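After this come two complexes, each holding subunit A, first together with subunit B and then together with subunit C.
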Partner chain A sequence: MNNTPWSQANQALKESHYELLCLTATADDTITATWLNPADGSQQSLNVPVIDQHFPSLTPTLLEVAWDEREIHDLFGYLPEGHPDLRPLVRTPRWPERFFPLKNASVDPPPWRALEPDNPAVTVQGEGVTIMKVGPSHAGIIESGHFIFSLIGENVLHLDAHLFQNHRGVEAQLEGLTVSEVAPLISRLCAADTVSHQTNWALAVESLSDFEASQTLEWRRIVLLESERILSHLNDLAQIPAGVGFQVAHQRALAIKEYWQRGLLLIYGHRFLFDTVKPGWAHPGSAEDMIALLDAMAPKWKAWRALVEGHHGFQDRMEGVGIVQPIDAVHFGAQGVAARAAGKAFDARTVLPWYRSFDLQPSISLAGDVKARFSVRLNELDESFRLVEQACTLLRQKGNLLAGNDLTQGASGRVITFTESPHGLNVHDVVLNAGHVTRYHVRAGTYRNWPLLAKTVAGNTVADFPLINKSFELCYSCNDR
Partner chain B sequence: MTKTQRSLQIRHVDGGSCNGCEQELAALTGPDYDMQQFGLDIVASPRHADALLATGPVTDTMATAVERVWDAVAAPKLRIAFGDCAAGCGVFQHAYASHGGLDDPDLVIPGCPPDPKAVIQVLRQWLKANALPS
Partner chain C sequence: MVWFVQCVGIFLMLTLSPLMWGISQTVKARMQGRHGPSIVQMYWVIAKNWKKETTVPEFSSFVFRLAPSISLAALMVVLITVPVAGRVPNPWPHNLLTLFFLLALERFWTGLAGLDSAGTFGGLGASRVTTLGTGIEPALLAAVAVLWRISGHTAIVPLATVLHHNPSNLLPWLLASASLAVVLLAELGRLPVDNPDTHLELTMIHEATLLEYNGRFLAISQFAMTLKLTAMITLGWVIFGPDLPSLWANLAVRVLEVGVSAIGLGWIESRFTKLRYFQLPAYLAAAAGVGVLAFYLLAGGLTL
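Our next item is the complex of A and B:
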């Protein structure tokens, strides 16, 4: 099974350090793997046909697609032959047996079965092992996920993370929509990565319409994308001290985040930047107001950074906890901060041509622990402040080019677009037919990091889980869709 | 329970939100809005709660959990739909695995996501005007 031409071809690209953008199934019985060459930004797509509902699994040789193939199995009914773990991922026992929402034409709510939604969990058996179940509803204000821990004493032996509690069926809902109907849904896929999702959709339509973005439009998008990174990183940085009871740092970070959001509300009309990027368009904002906001933020941010970096107890608490091995970051296809804090240097911004003149300095660490993820985020936040300022300065000097109009016309074709969201490489695989969506697949930044988080937690104490979890700070919404 | 009720302890459940509603709830408990000063708080257990607050369009997978949490809250109690998704007017309510919002809410707080200042206003007004439904 491991030696099919399909698996060899994919394997070869992985070994040449290509980055897997997405593994997508389409209802015409085809599986497509699309890879990115990080050296020049070119893409390479490979296909395999689905024959009699079967296709050869890549998972035995390409660990990172284990979830993708389970998802395809659940939503299309295509069976990845040779997959070592075909437990349901998205579907639950409540789903009718022959209901495959992305394969069957009808996407009406099916007659759900009167069963519990829980899928079988992998647990450790043996003397002294206890099973601790957490979720899907939680004691704090967090998204829904179900975590099944196997513990021995305080130590985590295994974590089985059952996500997709928030699965709404967005990809199926998008099918059939027109270009102008898509934008509000994509904008609300995930509040933490909304600008990144909106930009991916805009890039898709623009590419299929042969629209050429002006520099003004590109700079506006950089301001928005980096403003979102500042917002999300502030939120995520605030959570890490909360995980160890360092309340002063937690509350102060929330206050800084609030200050930033009030600025965004004034400049862009929304506290999370919903509906600020569309095909052919980006919210103009005001470069002057943004620069003023940056100036007002700087002392608050510097004081907070000094507080957390100067607190030895806090720094010690993070060190050596939740270590991601660099080899795992590669095998799991890790993305974003979790990957860069474990030595995997990939940042999608370095291959996007419109970022090229900004001389981005990716922040890397080799340690792979909570402390490394924390400090990579600190550095990235400072870098985003710099990028926003640089783009705003350009906009002030020569940003009066026409920034384009809303594109709503009937494009056709398939395109794969990506940006670096605050949570990592975010990919959209879009198929349009005369301006209508016929397939829309979203591979969010967190998707490959969830299985890596589960692996990382094993070997740590259960009390470290909140800390490790918050240092990854993976969102659920665009993962579950 | 009478109309002089001064506080409302809330148990939150995410029914498939985009996390925008969660982030605003977190802001409400932060230093700028500090909802606790008005007797409003998010609590860890439904046993300590007077109200269930759901966000999101209520996915099929979370529908059972939402109702179980509701059952665990002692009466008199309140059902709050927080945000357009839970209120049944969000963008994902027609997705196949979405139940289209929280069933039978006593109180709807609209917005995508609701503005934190408005949330405090709505909850305080509600407390002034109403007793918890038994």
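Our next item is the complex of A and C:
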């Protein structure tokens, strides 16, 4: 199974340090793997046909696609031959047996089955091992995830995370929609990465319509993308102290985040920046107001940074907890902060041409622990402040009014677009036919990091799980497409 | 007269405990830059839970239903043995060892109830509560041994009286009180040992044993929690604090002292992060170690 030309070709790209953008199945019985060359931003696509509902699995040689193939198995019914773990990922036992929503959605599905037991979980057997189930409903206001811990005393032996509890069927819903109908749905895919998702969609349509984006448009998008990163990182940084009972830092960071969101509401009309980017367009906002907001934020942010960096108890608490090994970051295809804090230097912004003139400095750490992820976020936040300010200054000096572009007419073709969302490399695989969506696949940054989190938690104490979990701060909504 | 003042004191402790809880919560909220809930919120919470329907887990036994009452009863006995009005003779037993036994009894039943709740977190909490107990008790005993060595008593009133009229042995006395203060944070389930405000089940210690409770049982447990806080702080002040000649003045000062301590507690909890679970034995061992050191200083005949 490891020697099929398909697996060898993918293996070769992985070994040349290409970044896997996505593994997409389409209803015409094809599996496509698209890789990105981080050196020059070029893409390379590989295909394998699905024959008689079977295709060769890549998982035995390419660990990071384990979930993608399980998802294809659940939603298309294509069987990845040689996959070591084909338990349902998205499906629940309630789904009708022969119902594959992305393959035979038009067929009336047989009725939903009565409530049945959960999907099978992987647990450790043996004397003294206890199984602890947490969720899918939690005590705090957080999303639904079912975590099955195998513990020996206070130590975690294994974690099996059952996510996809609120699967929304967005990819199926998008099929058949016209270009103008897609944007509001994509904007609401995930409140934490919304600008990144919207930008991916806009880039896809623009690329298929041969639209040349002006510099003003690119700067506006940089301001929006970085504003989103500031919002998301502030939230994530606020959650980490809460994991160790450092309520003062937690609440004060939330207050700064609230201040930022009120500013965004005034400037962009939305606290989460929904509907701010569309094909050929980006919300103009106000460069002056944005710079004023940044200036007002700066002292609050500096005071908070001094508070957490000067608190020895807090710093000590994060050190050596939840260590991601650099080799795991590569094997699991980790993205975003989790990857950069474990020595994997990839940041999609360095590949995107419109970021080039901004001299971006990715923040990297080799330690891989909670402290590393915390400090990488601190540095990235400062970098985002700088980028917003720089882009706003450019907009003020050279920005011009944009003519409205109507990009809603019949584009056709397939394109794969990506941006660096606050949670990592965010990829959209879009197939359009005469202005209608025929396939839309979203592979968000957190998708690769969830299995890595489960691996990382093993060996730590269960009381540290909230801390480790919050240092990854993975998105549920991006999975529950 | 003594009786009357003592009874008023007990009544005050019973009625003001939720307020003391509220004071420390308000201090914490203010330090976090929040307005926070009302200072009397705990009264409403207890009253609300008291009025709610009470349910018990399907697989629990009488232990689960009995535990809150036993915890409350144990703490009530602690409360009435504390000579809150001052160092006046107290007719019922008020030995420090009895007192610590009562605390252990409360801990034992809390742990048992956690196990009996048949919930995942209950068992985890029970394991943690009892594990911590094995560290708390030696530290408490070491401190009591020091006080006994200085005063020749383990009963609260004579012990406190001797301590105050015999101001030598200041160093061991201070060490013992420091050790007690540190270990009391653990006994009361406050930071840096346990975080009473968290909603993160996996990090909980004491709260985890209460997760399955609701309605009246929860109200009782919450009231017991506030009572424990007030009783322990009052006890500390009775032993280590000043003693005024007037009973009424004494009582007034005591209320003030507990209020100030609640503010201090809120401040301490805002300054510290929760320790790693496996650092807690070291934390408690340090407290016990200080107590043992004080004892050896005394046994070696050192007087300062």
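Convention: the second predicted complex is superposed on the first by the 471 of 481 C-alpha atoms of A that agree within 3 Å, B and C clash if a C-alpha of one lies under 4 Å from a C-alpha of the other, contacts with A are read in each partner's own complex, and residues count from 1 in each chain.
Definition applied: a residue touches a chain if its C-beta (ideal position, glycine included) is under 8 Å from a C-beta of that chain, and two chains touch if they have at least 3 such contacts.
Here the structure is a predicted model, which means the values were calculated and not measured.
Undergrad: Answer with first, second, both or neither: which of subunit B and subunit C does A:216 touch in the superposed model?
TA: neither
Undergrad: Which partner chains sit in contact with A:479 here, subunit B, subunit C, both or neither? Use first/second/both/neither.
TA: In the superposition, A:479 touches no partner, neither subunit B nor subunit C.
Undergrad: Who does A:419 touch here: subunit B (first), subunit C (second), both, or neither?
TA: In the superposition, A:419 touches no partner, neither subunit B nor subunit C.
Undergrad: Based on the superposed arrangement, let me know which partner A:251 touches: subunit B (first), subunit C (second), both, or neither?
TA: both
Undergrad: Scan A:198 for contacts with subunit B and subunit C and give back first, second, both or neither.
TA: After superposition on chain A, A:198 lies in contact with neither partner.
Undergrad: Which partner chains sit in contact with A:189 here, subunit B, subunit C, both or neither? Use first/second/both/neither.
TA: First partner only.
Undergrad: In the superposed model, which partner reaches more residues of subunit A, subunit B or subunit C?
TA: Higher number of touched subunit A residues: B.
Undergrad: Of the two partner chains, subunit B (first) and subunit C (second), which one does A:139 touch, if any: first, second, both, or neither?
TA: both
Undergrad: With the two complexes superposed on chain A, say which partner A:92 touches: subunit B (first), subunit C (second), both, or neither.
TA: The answer is first: A:92 touches subunit B but not subunit C.
Undergrad: For subunit A, give the residues common to its interface with subunit B and its interface with subunit C.
TA: 139-140, 251-252, 255
Undergrad: Of all residues in subunit A, which touch subunit B in the complex?
TA: By the definition above, subunit A touches subunit B via 92, 94, 101, 107-110, 112, 116-117, 136-137, 139-144, 164-170, 172-173, 184-185, 188-192, 194, 235, 251-252, 254-255, 257-258, 261, 271-272, 274, 475-477, 480.
Undergrad: Applying the document's contact rule, which stretches of subunit A touch subunit C when the two form their complex?
TA: Subunit A reaches subunit C through residues 130, 132-134, 139-140, 153-154, 241-248, 250-252, 255, 311, 313-314, 317, 461-466.
Undergrad: List the residues on subunit C that touch subunit A in their complex, please.
TA: Those residues of subunit C that touch subunit A are 28, 31-34, 120-121, 123-124, 127, 191-192, 195, 197-203, 269-270, 272-278.
Undergrad: In the complex formed with subunit A, which residues of subunit B make contact?
TA: Per the stated touch rule, the residues are 12-20, 22-27, 29-32, 42, 44-45, 56-57, 59-62, 64-66, 69, 90-92, 94-98, 112-113, 115.
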